[in-house]
């Protein structure tokens, strides 16, 4: 299951999507934006995605994780549009024969999603809003985003 | 939430138990015994617990994890009695401000649960059954089980 | 020499061999290791099994000296967690 | 010298400044970096922003040379995932 969704995420459904009779371990990660970011109080969040590319990149990440670890199934969903503070914006589930792989792959997938998958967050504060990431300078992290060097 | 339960486990309920407005990350681990263990086909599982001690040890593990990492909430449930192959026997959920802590604590809690919490598994095969752990020799792993040396 | 009444509970494989619980009278100064040696002598092969001890729901070492009113649990290495 | 018709989509902060999409005619041999310099010149402060490039839904480097029919996406560093 790979989805970009404007509806509230259902972590139980994502978990169910990786059920597998050969899986001994399932790890589910849920990420939620908190009320305060760098000392500013967030009143509303908004996510935007390059949807087709985001789905392509999620599938590529899942495939790379499966090459790297012995996994059974991977599911990744991300919410877009306005997200109330405290509601999940991302859910990732991994099933594997053993817990080592499930934990390592789960952690790797959320780290890579944040580096690679084309989704952007706008934080709304009282009296202003900021696109996160747009102000950060510095060159792209090549290892992370360019396909030819990825998945090793 | 700390429970020893004779009923099927509901991972979504365990996940809900660690919801917290200050949590940016939730990690849920679900462990399921697989159909084959060391080449033998398992037809049925049975878990037995020293229930009060198991609950005490789970709470102590959660407290130790909270000393070690900045966590919000921890929930641990383990099933006892007959468990059909493929149904979860343990669910652990951790919420934290950040994903680093949630992943590390989740992994640590399941590792320590398997070393410390007084629960035993009996695997039933065609024509026999074995209590797992009862045949293993060697001295106790002191660091793991004795309270005075634990939680560092 | 005074004796102590000690309640002992067994779990898992040990429960199947020795029953759920038993009461034992032991001399003052008896360690858990000695109590277990006496209990294990009652069924063949038991003394070779690895065991863990708990008193009042806390793990204790085999050298623990029993006290009046102690409730002891003796069980195999744990194997929960899937 | 022939020109290519290139469709460009913007996302997030760039979309708010430059709109969702635009068509551009560029000379053969134009790189993404050059295309972006031309686009960024249209609004103040844009050329200082960090950007990423994708062609046909794959990340490509700024040195990529545009080809006929390319659909280009230009966007800020990503920030999804909570």
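The letters A, B, C and D name the chains in turn, as written, and every chain counts its residues from 1.
Note that contacts are C-beta pairs under 8 Å (C-beta built on N, C-alpha and C of every residue); 3 or more make two chains touch, one makes a residue touch a chain.
Just so it is clear, the model here is predicted, and its values are computed rather than measured.
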Touching both chain A and chain C, which chains are there?
B
Hey, which chain ends up farthest from chain A, C-alpha centres compared?
C
In angstrom, rounded to a whole number, how far apart do the mean CA points of chain C and chain D lie?
74
Distance in whole angstrom between the CA centres of chain A and chain D is 24
Report, in whole Å, the distance between the mean C-alpha point of chain B and the mean C-alpha point of chain D.
50
Can you give the whole-Å distance between the Cα centres of chain A and chain B?
26
Junction residues of chain A, two or more chains touched
24-25, 31-33, 110
Contacts with 2+ other chains: residues of chain C
82
Which of the residues in chain A come into contact with chain B in the complex?
11-12, 15, 21-35, 86, 97, 99, 102-103, 106-107, 110
Can you list the residues on chain D that touch chain A in the complex?
9, 11-16, 48-50, 52, 54, 57-61, 73, 75-82
What does chain A use to touch chain D in their complex?
31-33, 47-50, 52-54, 56, 78, 88-90, 110, 113-122, 131-140, 145-147
